[in-house]
Amino acid sequence: MTSPATPVRIALVGSGRIGQVHAASIHRSEGAVLQVVADPFVAGAQSVVERFGGPSTRATTDAVEAITAADVDAVVVASPTSTHVDLIAACLDAGRPVLCEKPIDLDIARVDGLRERAAASSVPVALGFNRRFDPHFAELHRRVAAGEIGPLEQLTITSRDPAPAPEDYIAVSGGIFRDMTIHDFDTARWFVPDVVAVTAVGLRQFSEVIAKHDDYDGAVVTLVGASGQSVTITNSRHCAAGYDQRLEATGPLGTLSVGNVTDTLVRSSTGTSGDSGAPFQTFFLERYAQAYAAELEAFLAAVRGGELSGPGFEDGRAALVLADAAGVSAREGRTVRVDLSA
Amino acid sequence: MTSPATPVRIALVGSGRIGQVHAASIHRSEGAVLQVVADPFVAGAQSVVERFGGPSTRATTDAVEAITAADVDAVVVASPTSTHVDLIAACLDAGRPVLCEKPIDLDIARVDGLRERAAASSVPVALGFNRRFDPHFAELHRRVAAGEIGPLEQLTITSRDPAPAPEDYIAVSGGIFRDMTIHDFDTARWFVPDVVAVTAVGLRQFSEVIAKHDDYDGAVVTLVGASGQSVTITNSRHCAAGYDQRLEATGPLGTLSVGNVTDTLVRSSTGTSGDSGAPFQTFFLERYAQAYAAELEAFLAAVRGGELSGPGFEDGRAALVLADAAGVSAREGRTVRVDLSA
Amino acid sequence: MTSPATPVRIALVGSGRIGQVHAASIHRSEGAVLQVVADPFVAGAQSVVERFGGPSTRATTDAVEAITAADVDAVVVASPTSTHVDLIAACLDAGRPVLCEKPIDLDIARVDGLRERAAASSVPVALGFNRRFDPHFAELHRRVAAGEIGPLEQLTITSRDPAPAPEDYIAVSGGIFRDMTIHDFDTARWFVPDVVAVTAVGLRQFSEVIAKHDDYDGAVVTLVGASGQSVTITNSRHCAAGYDQRLEATGPLGTLSVGNVTDTLVRSSTGTSGDSGAPFQTFFLERYAQAYAAELEAFLAAVRGGELSGPGFEDGRAALVLADAAGVSAREGRTVRVDLSA
Amino acid sequence: MTSPATPVRIALVGSGRIGQVHAASIHRSEGAVLQVVADPFVAGAQSVVERFGGPSTRATTDAVEAITAADVDAVVVASPTSTHVDLIAACLDAGRPVLCEKPIDLDIARVDGLRERAAASSVPVALGFNRRFDPHFAELHRRVAAGEIGPLEQLTITSRDPAPAPEDYIAVSGGIFRDMTIHDFDTARWFVPDVVAVTAVGLRQFSEVIAKHDDYDGAVVTLVGASGQSVTITNSRHCAAGYDQRLEATGPLGTLSVGNVTDTLVRSSTGTSGDSGAPFQTFFLERYAQAYAAELEAFLAAVRGGELSGPGFEDGRAALVLADAAGVSAREGRTVRVDLSA
């Protein structure tokens, strides 16, 4: 599509927190330029243009105009979840490769409404599941795929946010499984694509606000794959030490694990404690900074005509199917069987 | 009962592997002597007498004679599971404090048949759940109890055996939940005594032998406590790196964890790897060597009239109730609610 | 000098390996632009211009022309050591702040010949001792300065290169103390500015090539500060596991340490080893990547009129004095006293 | 001498702190019994008899009587340093294998006075350098000897006491090199027997009491072996985090290291710190508990006619020669060459 020598011209839709992350990645990349930033809140778009754009970058309030502009090669969607389906559809129509933030939608019916068109199209649709691009997790995945521990038997995902989102976010988040665990469902499927059973236990441990919205502030989910592999996910909406993001894979030949990232290697030994490290990195902007950059590069490679190496539309759909199944399982206290290929 | 100056005279019932562990603990303790060893296989009893006894230690084939002997102060039961209920009953009758290996029995009905008498008796009945006496786990428990992480929210127990037991053992083991997970159920109740719900997923990952016996070679169990605490147990009947025994407790103020024990502190850095430690300690005899000694000392303190600080009959029963509930949950794919006080 | 809003226009002298590191830092910095690249080997300069410059960046063979150009605000010197004194002098004459790679020169007489002018000038002269800008070492230094371990008593510096430089570099390097240990002398003075005694032991352990040039392939140096603090430096010109760069500071209240940086957090546990990490990062370009960027930012702050927070001319001179003293100490087998203020 | 089945009957000379350590080891060993305890302070001897002896163990004030008693097979000397030479001599005369605490004497002339007789005698003389029996250090040594890192190039010994001894001990200790560093000199020679040069820097960092006795409260010593190996020893008479005992060996193929031992594996992660371990074990009784037991077993093997596997008289002498050379080096500021075979 574009040669490596010509930077890919990106339309960014959405100038909020995650939009700014993508804008910064585009700015730093040698293979992309920020061509246009679309946001109904035009001052936000303009601010992003000023910080991360070049002399010819423009702001607009009209996402579809940005997507279809003649000087745009590809699109990054970082707008509210409810707009994702329509924006992906617009990209498919315009033939613009799109990297869309997760989730595709909170409603599986709306996702399924787009599914056939996405499958039929040759336009790359990339989903922003950042864990797959974390260098540590990716290295662990690579070593599992290389057979270092034999066939995977047990995967353990620990995923705790540092603190709950504000109530107005909780209210529209779609619940812990579709909002937070959805990342872990995708991580699970990265290792075990063919999940067949979901058993979820929802927890109410500390937040009356979250309980008020009929949501859980923690969860334990057990997935089983077609070959009998297990995946255990432990979630909490708070964690004193920071953003707790760990992964452990066990097979007949051994265990591979990735612990938390800390900002400093300084260790101390005193009369009352020893080897006292730092808390974990605060939250996703720090922890997955490298991942966002790698995610963009993988997308740019697909834009240039290569294979889409990261998660795509079907992965986004599968994660939502698992999230919905987890919701049913937690509410009804029973294992829910799923068929992701259906 | 006996003063600290006078060693407690112990009758040991059972001279197999675990019986020998207890005999060695008794030998090394300043507060106990091995008075008699009972085993129908008298050569085994005699061998234990020779290795761990003194000049006046004797062997017998008759467990009840050993329990009731006038020169015996207390009893350690390390015979096959099916004999435990009768031997505990004999100890209660004879007024002999008893430390019995887990489980009390594989059949909850038999346990319940003894329950009232055990509750009514002032004779200490201690159960050999060794995890509670491991110095690392006990230190973690002490710090949780001291409030260091605030009220416990999530407990994670990883428990993998190095390799499956032989088939003839599997055949009579009572299944993974009553044989292996039962230790983890007791660990769970050490932190969360009032478990109210059990959700178990049984796994068949590698062993046709175990599957043939309609048993699981791995499991993931999620318990929920009355205050909403969660406990996640991950089991496997094999583990390449050794005996995988870890514990992690999280509350609103932080996380406390205990990793695996290795035999050596030597670390290496070479051109292909760095900080390469040793595999975990092989199995329970090594990993819980200190625990067995501490378990005996706690029992001796109770024999001398102190409070029984470790797990007792009701704890042994509760672990079995949870194991049975896990079996139902795994088979039926549903959460099973339990009332441990019933 | 220049306002934060206006990027500092940099003349880079030298387009070799370390020159390219600085060019990349300038490219990524929001506060600097690469204005001109000077190198007698003009193709090298042009290549750097293409990779890291903008539309108006130019290449030249004439360093002095670059330094004195009207559209240049500051200079980065990354040319061969023998040119440093003259180039710094040219910068002082032209009133251009300069960041010069270490060492100032191999000959203390030449350094002293420039000393008075440098001291009299208000033009910032920054020395490229990158350790001071490493975020881990800097955090350790900050905590020592904050009094966390009380007054520093013992500093331990481990510094091993992955492999010796080629023979033609060894031949002109000035010897291990002036070429390699000089970084550690500066690290020592960062913590203990007033070194009063140098005791060095030169080692010949593995390299006949290095021995042929009458140089050492390893060294142990002990410095003592005016308040009795000790600094121990262990050097080797090779290290199987990579670039071994560690720091440990001990005072009456505790110890702070920084270990090696590895590329991945993946750890493994298998039947023959546990917790097997990766080798250390390969060499200085990787290990001190963040340091080079921070070094540039500290220089830019001084260019803009702030205080020079990093090492300056006197620090460059002091490190060379210590290197020369170490050479005498190692050759003569005696402690050499120094007066860095003389 | 004695068969494995018959316990070795030990005369223990000295009932102080270190004498009690040996008495406890003898008590726990299956291969030894405490036959007699000698101490001019007879109440001390009697107390040790009561705690660690059997029915036939006796106390005496007469060391020579104990050594020569017909019912004694071997001797452990744990009395004050000034008595060691005479007691070893008495053991040689009586043909009693002896395990003597370090150092042999503070005066090399007295040691040399016994040297010829010790060399000519077939009676085993074992020296109590406990580091050689520490399982972690011994494992590191075994792996170095097995060639894992290639020929040893650089050995780093860190050895810090938790707190200085009382002044009356300091006054008679013989100085830091003969009292404290002597252990590290023996560790050095364990890896590099043929030390040829000693360069020592004495430190006065915190203790006016120690300075008053013309002694150092810290030291850095660099040894060089005949093949060019270096050994760096860092000492301090205090350490906030406990007893700092570390070892690191580097060769062309890699590095092996042993860090400090802590009592607990519990790690914590909170909002202000992560992975906060425990302080190091307090002092030598805890840190080297296993070593004292292994040291006794190695001695017992020699008593029974096997090879003396641990350090002997010549090792005790060599450590003192190095200590004296370090004293000269530190006082005179020069490297001192030594010939340990002379």
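Think of it as A, B, C and D in the order they're written, each chain with its own count starting at 1.
The rule we apply is simple: contacts are C-beta pairs under 8 Å (C-beta built on N, C-alpha and C of every residue); 3 or more make two chains touch, one makes a residue touch a chain.
A quick note: this is a predicted structure, and the numbers were derived from the prediction, not measured.
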item	value
Greatest separation from chain C - chain, by CA centre	B
Self-contact between copies chain A and chain B, residue sets same or different by half	same
Centre-of-Cα separation between chain C and chain A, whole angstrom	40
Separation of mean Cα positions, chain B and chain A [Å, integer]	42
Centre distance in Å when chain A and chain D are each reduced to the mean of their C-alpha atoms	58
Multi-partner residues of chain D (at least 2 other chains)	149, 240-241, 253-255, 269-271
Touching residues on chain C, where the partner in the complex is chain B	240-242, 260, 262, 269-280
Contact footprint of chain B on chain A as seen in their complex	149, 153-154, 156, 158, 160, 197, 199, 201, 203-206, 218, 220, 222, 224, 228-230, 232, 234, 236, 238-241, 244, 250-255, 333-335
Touching residues on chain B, where the partner in the complex is chain D	28, 135-136, 139-140, 143, 148-149, 253-259, 261, 263-271
